[in-house]
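These are the structures, in structure tokens.
Below, chain A partners chain B and then partners chain C, in two separate complexes.
Moving on, here comes the complex of A and B:
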């Protein structure tokens, strides 16, 4: 048994050598795992993509594993040879796969071994596949990082259950990344973590995608832009209360609303009831590339979310030079300096008052020009900075040891309570035995190693980017064989 | 941490993301979790206040027991339908007088219903019930008695589960319908059509009208209403006990645990309550957004 465990602990034998040889220049082989990736659209998806691109640019090897989306299955390559595995796993609910703890092990092991992965980075607590991957990675003796993108409450039954699962999933994860300080507090409480192993690394926006263009604004009116999914959590009911009240007071006020969702009916009702068809335009779902074109038409960006971990939308709005009005919830107060955002309480009266004062400020010309706002915002959040800080997390994690099975079981028992701890300790043992079976059926040694196609040292040649450093280009290609 | 705008190490940590601070990303400030609130707005319960509220549950349980006891008396021929009808009528009139006496003190502007309208409704209900009672009597003849009993038990249970104990008036539609379904089932097993009619009028009185009267007594005189609940409970145990002592013992046990033991548990478990609130909570919309001023 002891021998077997040792074998499992040093299991990724082929890439352990390459990792050691590439150790001095600190190159990591990272596998990002999440249920949410393109073609699905959203904050998590673009976070994974942008972070991966910047890490590739810094010379790391990155692959992404997600589940198959309809016809999109198998291996795909994105820009700079970023490899994406669309694994054929059954989707259960809301694009999240079923979590059985075991069925994804053969496929994920295959990915981890073939790609010579050293760090598994899972994203989003809604993603069952991310939790599965963490579970398997620990069994395989790989270092693990988890990024939490959302906030949860503590009061209802579903959050009690999901928080327990998160506790189990994160209790032996090496490091956790949160997108804001509020999100860190939330995650530390939910998963009863040591706050020292939780880093705060905010999201970012690509400032070149969101540049202002005041010529697109119409001079005879003031336009309020709202871009969000039209769901309850985004406070669309509040928006439905704000629209008639402000439209009545300001005849030159127009609303431009982008996004789709079940609460669209609320806005349509309001528009119908108050005869505002020419002043409230519902644009429906927007492609990401069209967002900027809508933003630059507006003067004010309004966000009515009821809960938000970071809120990239307000940064995008500010980057396009708009005055931002938002509810004071979650991590939003941390995101922008006070003079770029008006924070209101999440009710109609406070939001109306906040919007009124911004409208008055716009009429009197009290605000700086869109270009000046953009110049301030463009340096606040960049993906390169995110990648730099995430790299530090990987460096730290690479030096940590992965708990061997016996200590992992003890940790599960003492950290997750006697009942859940015992159940998951049992599952961990079964998972370990399953891994041994797989290793016996398909030994690591006979598995083909994947060709590294990504980044400057990839087989597809260096990417055409001026930021590539000479040192990176000079480094020898490490192709595992 | 960025090269630009790096403040000196003396600069205190701020809970902002837009500023590159000289602290590591996993820095934990002493203000960490400073906005955490525990047990915000939690109500402290006092034992006897909870017992008083639980009395409503107990008396509803007893109402069902009284109804079953009356049905047992009728079925075994110990109670004539005429006697039950006259008693029901007297009790109904007394209750109506009490209800009418309490109503003005509720402060409703203008009388929404005149006694004439009430009389009209009562007449319609009674005449229809009377007219249909032969039909109802034979309604379940083709159904086996066991099925009828099982169905009644199930429906009375549904009545108890779905009864709106917080605001018994108006009676919830599910609970009222379940109770009436059960009474039709039971009444159809009685010997004659007049029996059925008497039983159904009695059911209307107990399941439709009594909760309204109790609610109005509770609103106006909280003290006596607690004693009233206790009286109904005693009546239920006594009534059932005269025909079925075992059932009465069970009922007494249930009443004791509902009105005395459960409140004790609730009060005792209060100190284990640990609600966590903080800035991460989803904001709640408190306004009524249907009434936008225009």
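Moving on, here comes the complex of A and C:
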């Protein structure tokens, strides 16, 4: 590490980078960064995966950087040569890495340089690694995009702090993507952003994964399906109030609840207290591929979230042909057309009333068939559409200039107040000096450029045994030292 | 041997020597540069200056003598256990692969892997000391399940050549392995 032969402390040249960034025929090299990726399960994870796959299909180069999950560390490849770096960074809380602003720079710089990244796309405001990556990318003079997947409050102490951090992190980010208009409004207010640099691109579901199958339903009963993590944010306490009330009124009503979490105890208590063991089934954590099998057994999909930026679950439910009942919170009213969803206020009485009317409608056969619902929903949200719109964001961002250090410091001071602004301006300077040190220790030119294997035209396309190159064989058994 | 120049992952020059003993037998030797006198001086001076500083504060001569002993033992251990001058890979078709590394002190360590145990030789990527590097490795066949890989033996561990050098070795190795 200490032998220094080449003193090539190249200063990041934003102009040069932006000129090269779109490459031949507008091809971008994108690095998705988030703490949340498979094997962890959730909306952000599948969003990153599906979006990456569609972007690869469109001919862009995509790599994903996340932190190591247990034994899964090093470099892995997914379908179509999608490369995932599981970097050995310390996990602090809730799968989010600890942040010191600096320690992740050497590895992330290595990824950005060797992959020839031009756009860094960070996901989820809960992810410390995403914010770190934005910070480093701006120091290195790369274009940045951020996708916010969640809504926040403004009132309590923790949101005040996270909102301040978000302000700092996003004030010099090139473009921000939100998943719904409510989420956009929320993010613009929280991070005091210019609304013009915020785009709305909703999430999508894979309609071929969620097809209806009415034969799985049991005719002698009405089943309500709930699939969510059993946490406070998802309104599980409301669910605990709804279950006894409705079960008392309708003897043929059954609940099917998928998901795991700290609020499971609430549901177990309710089940115990009202002796509903045969009518309320708790399935525990579900694999994503098993979700459809559970959904098709139900007639009604119930979502009790207290806050939600864009609810993927209700689209999945509707795609399987279920009647959706949901709370009217966050971005949910934007998601489905009015006749496919019954919206209620987030309290037990309103939700019960909503469910009652849907149950009555089901008994009288007032609703369209599951296939008809599926046919309407299947074209609403597709990943190809999401990828097209994201591509436009990248095109726009690639033409923009990354602020050089002096203007970045001014922007931080102006935008984030004198105290936080000064602190982060100082951190930005230190980060820049650290980058210079790294560029001196491990010059960019010395680093091997990574072999691009992704995409249909990539080296891993149709395998050709006779001309097998080193890169093709590099796939199996990835292992970190 | 050929005009191409190779470096390791830190940008230091290394030499790759390829000897074809027969069509099915090739030996690759990667040589790292010798220990530079400048580096020895820097380390020795820093230890001694530190020792002198401590001596200046404590007036204890044992500090100085222990500094001398530490430097000598450190240097000996370094050339005997750490510093590798040459690493070689001898591939003999249908027989096996011999890996040997000779240390600066003259010590050699050699190991041999039978061809029946080798599943393949591949280039892989790994995170190594705040860097992500390519390396060449031998995949060992799992005796219980011939299609599975039981473990991985990294090659040229101390010299860490860059990708262009690895590709050259890889191609020659594949030529020999594919024949048997």
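In this section, the second predicted complex is superposed on the first by the 437 of 481 C-alpha atoms of A that agree within 3 Å, B and C clash if a C-alpha of one lies under 4 Å from a C-alpha of the other, contacts with A are read in each partner's own complex, and residues count from 1 in each chain.
Here is the rule we use: a residue touches a chain if its C-beta (ideal position, glycine included) is under 8 Å from a C-beta of that chain, and two chains touch if they have at least 3 such contacts.
Not measured: the values here are computed from a predicted model.
Peer 1: Now for A:385: first (chain B), second (chain C), both, or neither, which partner does it touch?
Peer 2: first
Peer 1: Tell me the contact category for A:26 with respect to chain B and chain C: first, second, both or neither.
Peer 2: neither
Peer 1: With both complexes overlaid on chain A, does A:189 touch chain B (first), chain C (second), both or neither?
Peer 2: In the superposed model, A:189 contacts chain B only, not chain C.
Peer 1: Once the shared chain is lined up, is A:214 touching chain B (first), chain C (second), both, or neither of them?
Peer 2: Touch partners of A:214: none, neither chain B nor chain C.
Peer 1: For A:284, using the defined touch cut-off, is the partner it touches chain B, chain C, both, or neither? Pick first, second, both or neither.
Peer 2: neither
Peer 1: With the two structures laid over each other on chain A, which partner does A:262 touch: chain B (first), chain C (second), both, or neither?
Peer 2: Once the two structures are laid over each other on A, A:262 reaches no partner at all.
Peer 1: Which touches a greater number of chain A residues, chain B or chain C?
Peer 2: Comparing touch counts on chain A for chain B and chain C gives B.
Peer 1: Pick out the shared contact residues on chain A: the ones touching chain B in one complex and chain C in the other.
Peer 2: none
Peer 1: Write out the stretch or stretches of chain A touching chain B in their complex.
Peer 2: For this pair, the touching residues of chain A are 151-155, 180-183, 185-186, 188-189, 195-202, 233, 235, 237-238, 240-241, 244-245, 248, 274, 306-307, 310, 327, 329-331, 334-337, 346-348, 379-381, 385, 389, 392-393.
Peer 1: Please output the residues of chain A touching chain C within their complex, sorted ascending.
Peer 2: 1, 3, 5-6, 73-75, 85, 87-88, 106-107, 110-111, 114, 442-443, 445-448, 450-451, 468-471, 473-481
Peer 1: Write out the stretch or stretches of chain C touching chain A in their complex.
Peer 2: Those in contact with chain A are residues 7, 9-12, 39, 120, 122-134, 139, 149, 152, 154, 162-163, 166-167, 170-171, 174.
Peer 1: Residue numbers of chain B touching chain A in their complex, please.
Peer 2: 1-2, 4, 15-20, 24-26, 28, 32-33, 35-36, 275-287, 289, 292-294
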